[in-house]
Amino acid sequence: MPVPEPIGPIDASVIPRFAGPATFALLPRAQEVPRADVLVVGVPFDSGVSYRPGARFGPAHVRAASRLLRPYNPAAQVAPFAGLQVADAGDVAVNPFDIEQGIKQIEHSARSLAADGATLLAIGGDHTVALPLLRAVAAAHGPVALLHFDAHLDTWDTYFGAPYTHGTVFRRAAEEGLLDPRRCVHVGTRGPLYDAQDLVDDAALGFQVVPATAFADGVPSVMERVLRRVGTGALYVSVDIDVLDPAFAPGTGTPEAGGLSSRELLAALRALAGRRIVGADIVEVAPAYDHAEITGIAAAHVGYELLSVLALAARA
Amino acid sequence: MPVPEPIGPIDASVIPRFAGPATFALLPRAQEVPRADVLVVGVPFDSGVSYRPGARFGPAHVRAASRLLRPYNPAAQVAPFAGLQVADAGDVAVNPFDIEQGIKQIEHSARSLAADGATLLAIGGDHTVALPLLRAVAAAHGPVALLHFDAHLDTWDTYFGAPYTHGTVFRRAAEEGLLDPRRCVHVGTRGPLYDAQDLVDDAALGFQVVPATAFADGVPSVMERVLRRVGTGALYVSVDIDVLDPAFAPGTGTPEAGGLSSRELLAALRALAGRRIVGADIVEVAPAYDHAEITGIAAAHVGYELLSVLALAARA
Amino acid sequence: MPVPEPIGPIDASVIPRFAGPATFALLPRAQEVPRADVLVVGVPFDSGVSYRPGARFGPAHVRAASRLLRPYNPAAQVAPFAGLQVADAGDVAVNPFDIEQGIKQIEHSARSLAADGATLLAIGGDHTVALPLLRAVAAAHGPVALLHFDAHLDTWDTYFGAPYTHGTVFRRAAEEGLLDPRRCVHVGTRGPLYDAQDLVDDAALGFQVVPATAFADGVPSVMERVLRRVGTGALYVSVDIDVLDPAFAPGTGTPEAGGLSSRELLAALRALAGRRIVGADIVEVAPAYDHAEITGIAAAHVGYELLSVLALAARA
Amino acid sequence: MPVPEPIGPIDASVIPRFAGPATFALLPRAQEVPRADVLVVGVPFDSGVSYRPGARFGPAHVRAASRLLRPYNPAAQVAPFAGLQVADAGDVAVNPFDIEQGIKQIEHSARSLAADGATLLAIGGDHTVALPLLRAVAAAHGPVALLHFDAHLDTWDTYFGAPYTHGTVFRRAAEEGLLDPRRCVHVGTRGPLYDAQDLVDDAALGFQVVPATAFADGVPSVMERVLRRVGTGALYVSVDIDVLDPAFAPGTGTPEAGGLSSRELLAALRALAGRRIVGADIVEVAPAYDHAEITGIAAAHVGYELLSVLALAARA
Amino acid sequence: MPVPEPIGPIDASVIPRFAGPATFALLPRAQEVPRADVLVVGVPFDSGVSYRPGARFGPAHVRAASRLLRPYNPAAQVAPFAGLQVADAGDVAVNPFDIEQGIKQIEHSARSLAADGATLLAIGGDHTVALPLLRAVAAAHGPVALLHFDAHLDTWDTYFGAPYTHGTVFRRAAEEGLLDPRRCVHVGTRGPLYDAQDLVDDAALGFQVVPATAFADGVPSVMERVLRRVGTGALYVSVDIDVLDPAFAPGTGTPEAGGLSSRELLAALRALAGRRIVGADIVEVAPAYDHAEITGIAAAHVGYELLSVLALAARA
Amino acid sequence: MPVPEPIGPIDASVIPRFAGPATFALLPRAQEVPRADVLVVGVPFDSGVSYRPGARFGPAHVRAASRLLRPYNPAAQVAPFAGLQVADAGDVAVNPFDIEQGIKQIEHSARSLAADGATLLAIGGDHTVALPLLRAVAAAHGPVALLHFDAHLDTWDTYFGAPYTHGTVFRRAAEEGLLDPRRCVHVGTRGPLYDAQDLVDDAALGFQVVPATAFADGVPSVMERVLRRVGTGALYVSVDIDVLDPAFAPGTGTPEAGGLSSRELLAALRALAGRRIVGADIVEVAPAYDHAEITGIAAAHVGYELLSVLALAARA
């Protein structure tokens, strides 16, 4: 580890968890640490949304819901903030009125934040933000494996003629060569599509599909398939919170019945222990539709498990 | 198929899903198609309710929550609006102040809508509406098998002396000879009863019970029992949304803990592929208690799976 | 009146108000009447929003909340649907991903709907939609007076370089010559501005300001000033629902404390009796933030009072 | 006063207000006092409702919201529970499935509770319950003056052929001779009617109308008119909570914009000091639409002011 | 059974379930029965809470949500109110401003209510209340086995120097010798801890941990481990409602993603049939964060299953 | 002004208002400015609350709701962040389990923050926090005038024997000599008291009462009385958000019907122009009961008007 003693979250035995900084998991701000191994960064952009908007308020909401995250993860047996310096880089400044400019701003910020070697955990925002994040990741690592948790494929071509939206982002990424077509997989998809052809096109882009129904056989069998597919190289993990059933994540934009439970999703993420995550996002948390922060809490735990995988990898 | 090219939903690449007609799945209205194979009809009646009222607003709510339903069902591998002409027949006009007159109005409308051979998918309303719908179905098909998803038996005798309520409707149906007593089954029941005798009476009317606890063994084992019971003849499917756990369907009138997940319910419905549905209802969606449309979305997906079963049967 | 006996709303003594068509005030759809004097049209577009999005769901929400509107307005002593044929023209199809194209689509639809002489009452959508609506009105009537109820001026120049947003729309309208600079007024403004210069610029564009604080002196004194300003010629009325206090209209995008009560706003609109409204909009209803439809109900009543003013003018 | 030292509410310095019995204002139950001057009684019946149901849960909700009511009313300068024995009589048992039987049950209970001379303050339930309450009052006192706070007239003839509903109750009361036609008044009406004739019919039944708009001139001028109308004889006060604006009372069944503030309503009730109330009701609180108990709190304060008027009269 | 014919809940065929007394399951109040086998008692105390407060309103909320509990439990095949006299003892009076005094008041009340041999089922309140309840139980039964359903261990030492809080209560209980260190188990724990040492300390106090992830293997395998651990002697069951996933129990103070479903929890409780429960609590229901009573309903069903276990034991 | 060019809020034309730092009004953090004239400080403490808790989450909520505050106040004609350096000092660390220690911690922090001459604007937290804030103010300025906006007097003696609670704080302040007994006034009180003696005791402590009913005569007449009372010396302003009607501020702990509108409250605060505020607080915002941030927005505007009064004084 380059940083022998990372600066951790505030001490919750001195400052109650409902007080203190509005950072992810009460972690230090990026400017308060000499350098960071992992940066949590908000990407408050939702102009690519086709149904319920509002994910622009997602970063603030997930941070608020992350206040209960404590330092030690017993399920993964790791203290994610102890081996790595994790810090909160605040929000990317994005123009809400121009999708293409917004995408450029996000890519620019992502490259700049990662310039010093930090891995980014981004909190959206709608799924559009994954494209510029993948561009930044691919610039550093070359084409990556994509592990994509989502109710939807997000590989449609265009919406209303727009090439860059939350439903087309992974087709663009594939076309741009950001993804390794042998190592991409959608997990948790369900609900109606536009056409049977959607699946054909999706497969042609290099994706496998592990639908939500597969979880009836248990998380281990699902993850065996997934891990085989994504392999052991550089891996980008993109979690659309709508992979959860609306009961677990009401606060999202295009909810579909029949999804995962939060226990299933967290177990699936834990199964990534040992893999090399080079970037990740958690997107589509739309707080106006949330209740009692349950969607935010699920998203915060998703982030925590991803950080735990990163910490385990760093320890290895 | 009598209609070679059904008129489908509006084109969501031209009109965003949040705009356009307030019909089920953005389908055409009944008056906009020459004839229909299946009619979705709202039955906004909740005067038979014993606890939380409000299912009178159910049809409008489920329609609003159905806006995200796209044309192709990958789980069932069918495009339900392509092989069949499905249309939205609007709402039945029902007197909210007189239960018996209301029941007559519903039966009259159901018979008239089905006169031309259309199968009805009704959206309640409380469970009382199943009685007149079954009367109309039995008039055309004779006694039918009943597959009844519900937390409750709904075979009590009377409430406060009233014979026609949402908790007594299937006893009336059995007494009227609308059901085939060898082919009826309740699925998903749970929670307290008035008396152990309730189960005895229920069995005497011809019902089997597959309680919610049975789902711990997986949907396939449950549905094996169910399919054996309902057989292959004319089948009526009645889905009380409270068969779902309150986490998945808070927007209902008599919620009971310990219910199904939406993934389980949808899988159960998909297992009906190949059976001959002659009528169906989705009832007890009470929007005032819903949050972020999650109950409405679950109900809309239930409708979509039922339409898919109908479409598969038509294709066969 | 060109139509001696307009087709009115559905008969609520036959069909309960919670049932029936999802049109404004249960009125007929445009395609169900031979011609219309007034068309209520939804404009589900919110891509010009700078804070809380969601007004794209406004038209459906206001229509749902208008179900209780009955035929006779005792405060205005007029039956607005009796003297005029009012109908619901459904929603304009608008691209959510391209503001400038969206504006063009709205203008095109507005011109086409008004081609036969109908006056449009538009339900937004965010305030951006007022620009294309004004273009269509000015094309027919020349520069019009603008009576603008809003917490904000909406005459900023650009946001993030974008010229067309919900906060810049009336500067654009003034620059394009759509407004009569001697007859424009903002009513109900309050809350912080970016700069004192904002007011100077606003005045230079031809606006007077009657702030929310003026309502402490009563609606009659406010409306005396307003009516003097707008004069008796062609008048466009634009009502941003955030002119109401957040207590009365929580369901909106940029709420400011210290606003009007709904009683004040309705009284102000009634004072327009005798003026010649040539177009109107009700915008910025964001349902995800509403509760128990109270914002929607206020907006529906605003629409009803505007229709009453139109009916009184037609009767004169 | 026959009871020199009434038993008051629980001592909130010993039992926190959030604990203790679920009675109105933490008062004793009827069975815990030797006799009562005033009985607060719940009437959980809402089968007469034409739009949003749910007022059946009103009594429990208003009781919960009354926990903060303390013993001394500084605005009225009276301690309402000190001079009178006030107790909570629980809920009337009413059949929800048969309106006419329900009305009979309510009348029977009301007569029986009042048999010993107690004045009843009823908490609905929908407005239908006022008819049997008035029957019981008129049986004891002859035709009474009616002071009716409501957004609506409630003097329609029938709905769907039903003579007994929440919108027809005062026409029935007038026809049955329960009201003194020279001393009846509606206060706070607003919103659309079915027809101009509604007002003519209403006047013919003996009602004056003081619309909500009259409150722009202040409560004193309104109440001067009202007090002149109702006179000094036996007075029944019926408060439909929808007389308040939806901002103040979202939790109700047929909300209309443009209503009273709670401050206005409470001031109006205080102006009744010195009048002889012989019965009262607070109706149409529909908790499923309430938020943070604000409607319930307003209703509880309405009850408290009515009890204060009763206490002042008893002191006189 | 000492009481041959217990007084049961009110007859719901006469009084609708939404009416009648605000007692648990509409049971009689303690003062209305000659003696009780089981007393349900509210403990409205939440001053020991470290994050979201509000469990002080838990007892009233759970009682309201228990109105649908009917007399016969088909899953357990027992009528819990028939073999045992169960009654509602109301709420303990507790000082909200002094934790240590509050704990003493609860212990005093618990001892006094149980003096006559009644078993207590307490409804919290936050988890702090378990300590005085255990003191009362241990005073009568000696050290007991503890079956603790919770997302958290609640065996931290102090918070902010405070020894008595909702997160430290079972360490205190262990230190005070109230628990049998060979027979204690936490079930359903998950989420981050402060330190790996937390688990070491916890084990040293005599606890085993069965984490929420274990439920992936099914309830029977979990409960086999649990039953082996708790043995057949006197057993105290403490259910923190946050053992459920936030989807099933949003209304709680320290929610953690990845929890149990209500079906799993109820099945786990049913597996206790035959064990000897000497006391139980259901805590941490915070109604301000609940929606549509779903948390309250889950808690009410938990209580019902615990009462069923008690009734089965009494029958044996 | 010692700081010629204060650092202002972030530039909202670069960073959208929904992004960026979670500070009050997007202002800089205290550590980001060389020194501050005014510090906004959160005091997340609610252990002194007698009814609905949750104000511990108030500071974060009000900050979130303050994102829309722009730099120029047209009503007061001042740019509050231009003439003064205003910064956000974050939250005070307070022990939630020990009221007296909590009070000491707040006093200590307040003294330390104000040591350099900064005026504090505190955001609670419950009203208990006003006592240590007043201690710090009086230490610097001697006894001050108190302008107290509240539904309640907050001069009760003790609750459950506790001297320091949210309802007793101003009696303690008076007893400690922190207040100038000739210059204290409660504004907006209403609702029931424990006893008529409460008012006598309150007056003896040096308070005048201007009840909420006085606002029927208009804000100017109210404020004339108030300004005469508080005089021109050092003034502390304490705003309990429950001074607003529950319609305007549902998110609070002890709501009382009949309160102020936000327009009235803001106008009252503006009337303080020219007075010398030496400290202020905004308390009792309980977010769990808020809806769509309306309470938070009202509180944020209250803070903005107080800052404007400070800026005007600094300019003078």
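For clarity, chains are labelled A, B, C, D, E and F in written order, and residue numbers in each chain start from 1.
In this section, a contact is a pair of C-beta atoms (placed from the backbone, for glycine too) under 8 Å apart; a residue touches a chain by one contact, two chains touch by 3 or more.
Computed from a predicted model, the values in this text were never measured in an experiment.
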Chain centre separation (chain C, chain E; CA means) in Å: 55
Chain centre separation in whole Å, for chain D relative to chain C (CA means): 37
Chain centre separation in whole Å, for chain C relative to chain A (CA means): 40
Per-residue overlap in chain A, given as positions that touch at least 2 other chains: 14, 16, 18, 50, 52, 56-57, 96, 159-160, 245, 247, 261, 289, 291
Category of the chain touch graph - line, ring, star, complete, other: other
Pairwise chain contacts under the document criterion: A-B, A-C, A-E, A-F, B-C, B-D, B-E, C-D, C-F, D-E, D-F, E-F
Contact set on chain D toward chain E in their complex: 14-16, 18-22, 42, 44, 56-57, 59-60, 63-64, 90-94, 96
Complex contact set, residues of chain B against chain A: 12-14, 16-18, 67-75, 77, 79, 218-219, 245, 247-248, 261-263, 266-267, 291-294, 297-298, 300-302, 304
Interface residues, chain F side, partner chain D - complex: 50-52, 159-160, 189-196, 198-199, 211-213, 215-216, 245-247, 250-251, 254-259, 261, 289-291
Of all residues in chain B, those that touch chain D in their complex: 46-50, 52-54, 56-57, 95-99, 159-162, 165, 288-289
